[in-house]
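Quick heads-up: structures coming right below.
Note that chain A is present in both complexes that follow, paired respectively with chain B and with chain C.
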Partner chain A sequence: MSCLKIEELSVRYSTSSGALTAVDRVSLDLCPPPSSQALALVGETGCGKTTLALAVLGLLPANAEASGRVLYEGRNLLDLSEREWSRLRGDRISAVLQNPSLALNPVYTIGHQIGEVFRIHRGDRRDDAYQKAAALLERMKLGDVKRRLAMYPHQFSEGMNQRVLIAAAVALKPRILVADEPTKGLDADLKSAVIEELRIAGAESETALFLITHDLDAAGILCGRIAVMYAGEIVEQAEARAFFAEPKHPYAQALLDSLPERGFLAIPGHPPALTAPPQGCRFHPRCPRRMEACRDIRPETSTDAGWEVRCHLYR
Partner chain B sequence: MKAAGPAFSRTGLVLFLVFFIAALFADILAPFPPQERFAPYTPPDGTHILGTNDLGHDILSELIFGSRVSLLVGFGAALIATILGLGIGLVSGYFKGAADHILMGVTDIFLLIPRIPLIIILAAFLRPSSWLIGLVIGLLWWTSTARIVRSRVLQVREMDFVLSARCLGFSHRHIVFSEILPNIIHLVLPKFMLTIATAMIAEASLSFLGLGDPGMKSWGMMLNFAFQKGALVNGLWWWLLPPGLCITLIVVAVVLIGLSWEERETAGIAAGG
Partner chain C sequence: MSPVSLRAEHVSKRFPRQGRREPGPLLLEKVTFSVNQGETFGIMGASGTGKTTLAKILAGLEPPSSGAVTYAGRALNSMDRNTRTRFRRRVQLMFQNPEGSLNPRKRIGRSLKEILRLAGSPAEAHRDRIVWALKQVGLADEVLERRPSQLSGGQNQRVVLARVLLLEPEFLILDEPTSSLDIAVRAQLLHLLKSVQERHRIGYIFISHDPDVVRFMADCIGVIEGCTLKVWAKMGTVPI
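Let's turn to the complex of A and B:
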């Protein structure tokens, strides 16, 4: 029920230096528990992860053009009007963005900002909204709740602000929670605190987490499924445990080998510019196992028991 | 500079309060009703602290009642100008695109209008009234506020908390008025004070030129009468000096407050990095 289905989604930006395809024919499914697990989208910076997130949230900038379908409860989200979107966003589909300290309005107290969600979406009165915000923060274990609610974002640490943002995002028990790099720039302790927060939030409110990250640890802990993105394409999608044990796509293998505990090996070369992606397989210029076919023919996705790979090695 | 800031703003505030109280309680504070007649051309003495004019009106009383006109026109015009400038700047900066092009085009046109000559023409053709002058000043002096607001909104709209508010499903109206406006209002307040000063000077100049409201005797109007009746030639300094001084002082007061706010603002930006 109420799954999010992304079908053949492409996003093209028209920039002054030409058109650029940041997301190229991506298909993904995301269902809330218990029918499915959280999904992590991993990949290097600049591979189109954030654009995909913005497309799912209906927040693409004006120079972007999306094609394909994003289906939710029988509707294509790409066709929604701004008014329909503002009813959906924050309520059914919510998001946590990177840079927590900048993502809160500096002129309002924490209590006001969490309460705002209840006031706008549920029409609650100021006092009621404040009470609900207090109850929500209570669960986040931020200490003296009354005092915390009256504080401003600049008086909070980065990690505390991140938890406030998560609280505001899951306040109305959304079906889908998009988290874009929620652990970016946090130290190890805070990272695990935020991961724990997201895990609890997901479990309590039956929210399907769509985690967008280049943090493979977080992805492994939080998500049952992993999708690997490279240069705008999904190159591999698999069940998390099996994926970490034995990744199939050469890029996914290289990505895991770059982790400190797996050898700290850098991937040679650079990700391609999305204005002019390579012919054939997009990873072939950096691939250690490239073949003749990789140069010219774009590999199709092959599926084997829910394990999807886009590579000529697995046909 | 830092030490001067508070002193400036305090001086301005005290001066402003004096005029404000005078305008508010004119009926109680004025020693005589403004229309009551005494012996004309009386120099200052015990009964008439600032003397009387050609019709025998008490000048101190006229002065106190005149402060109402100045403050009303100043505030009214600045309020209109600020609301207009704020609205146009917010819409233009937030929505960008076509709305921005059109609104900034209109702003450019308004910037090109020679303002004082236009008011003179309007005042000459329409029946002169303080309300009209206030309204016209308000409708002409919003351009710089709109420009300042727009440029700041262009910055603020790109900040993460705006995107975050969009993620939480807040409407454009809510974001513009409840998320962005509180973050730029501090820029507008000093501008508001400076617009008050401009409007008061414009009103005084027009009244001095004889284009003011004969029904509401403002300080500029008092100066106009004094000039016409030869106060300068006949050395009737108590008739000329007070309204001139009052105009100067209230403008200085408002400017001092506005500048100190502006200074505090820039200091805050500098300190905040």
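Let's turn to the complex of A and C:
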């Protein structure tokens, strides 16, 4: 049974250059049986991944308008009040967002910020919360825990701040963890450490991970299912191992070809502006296999044994 | 004309201890390597190992504690004014975040014109030079009217490269140029950098923590470990 069900979710922004649809009729299931619980949403910068994450977390900006449903325990999260969200967010649904140094408050110590989770959601006294924060950092092997807890975010490296955010996010064993580009800009060692933290968090606390990334390595290691997003739409969704062995959508194939082991093959052209996406298939101007129908007719999603593809080649 | 080279000779860097006279901790120790025009020297190392400090030393933005950087056979600290001016123009830097390198309040066209004006290029030639530079990096001249916030990260990185090309560089120091880009844009930029190098014979010093990217770009690789740079001349022998 899925713990998070996204149905026909659309998010529109009003901007000075007109309205744009950043997420267009997206449907996704987190932890669909029988595959692993983790789901990765992959795609290029600007394709709508982060907007989708913000919609799931109830953090859309004021100029955004969402429609569709995001179902969690029978409730549509799009209908929750801010008061209801503040009880849910950080407890049952948690997040690791981009730019750890911006996500942490620069004027509070690391110990205060991890401990805050226990104080707010569990009503723990300051000393108890501090002890629990220490236990979490101990597990993360960040060394000299007492000194670390008294330090501020600017005294930590980017990778250490990222691990602190993960520690705070999984502190209460949430049902769902939304991680938006958690490995972005990290060197190989730090990236491995962050992936390991997320893997352990998923395994120990039975947290369903919703990973939003363009790091296909991390997606392959952590997730049992992959969804590929292009220009606001999901163009392919499949079990991870099968997807990496033989992606079907031409965009997914091109994305995998841009990996180092395939020679960094570049996709020609650029993603479309979401204010004016192309008619028909949104990938057709860049697609090496485009047909006449691709120019005018938006392809429907076809499903075969849990493998979903939105492409005229698979009608 | 023989190719010009950029060389680091026994470059060391210590940071001063705040408020104290005695020398601070060693960051780089006797780093030595050289790169010729048209070649790429890749520098790798984990976060905090001094890669960006080395980039700044090579660009003349920070002095080494000892050792020297030489350009066209002359040490930076003993250059006459003319050679120093030529060095400033011909050795350029490109950073990780293109948005941080472009003035957010200025349209792209104005940012590019400013470089030509500072370089003393005649105003009547500005438009043609800018269109030429944009063409080199695969951008249309419609970007001239936009501000950095209206372009993607990959497009901004191309604008930064176009701005560098306006100065006709002999060497380009690229400090993590792809680490803020997604995989598709990263692939595009790497191929673009290679084709720009082929056309203009620019020597690259390519700094990255990503072994795959460095292997793809570099003719020769150095890895910073424990303050020193270990250099491997042949790609196949690099244990990374």
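In this section, the second predicted complex is superposed on the first by the 308 of 315 C-alpha atoms of A that agree within 3 Å, B and C clash if a C-alpha of one lies under 4 Å from a C-alpha of the other, contacts with A are read in each partner's own complex, and residues count from 1 in each chain.
Please note the rule applied: a contact is a pair of C-beta atoms (placed from the backbone, for glycine too) under 8 Å apart; a residue touches a chain by one contact, two chains touch by 3 or more.
In this text the structure is predicted, and so the values were computed from the model without any measurement.
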Go through the superposed model and pick first if A:158 touches only chain B, second if only chain C, both, or neither. second
For A:270, is the partner it touches chain B (first), chain C (second), both, or none of the two (neither)? second
With the two complexes superposed on chain A, say which partner A:177 touches: chain B (first), chain C (second), both, or neither. neither
Quick check on the superposed pair: does A:187 touch chain B, chain C, both, or neither? Answer first, second, both or neither. second
Regarding the shared-chain residue A:166, is it in contact with chain B (first), chain C (second), both, or neither? neither
Taking the superposition on A as described, I'd like to know which of chain B and chain C A:40 touches: first, second, both or neither. neither
Quick one: is A:106 in contact with chain B, with chain C, with both, or with neither? Answer first, second, both or neither. first
Would you check which partner chain A:255 touches, where first means chain B only, second means chain C only, and both and neither mean what they say? second
Both chain B and chain C touch chain A at residues none
Where on chain B is chain A touching in the complex? 96-97, 159-161, 163-172, 174, 179, 182-183
Taking the touch rule as given, give the residues of chain A at its contact with chain B in the complex, in rising order. 57, 59, 62, 82-83, 85-91, 94-99, 102-108, 116-117, 120-121, 165, 168-169, 178
Under the definition above, what is the set of chain C residues touching chain A in their complex? 46-48, 96, 152-155, 179-188, 190-191, 209-213, 215-216
Which residues of chain A touch chain C once you look at their complex with the stated criterion? 44-46, 157-159, 184-190, 214-216, 254-255, 258-261, 263-267, 270-271
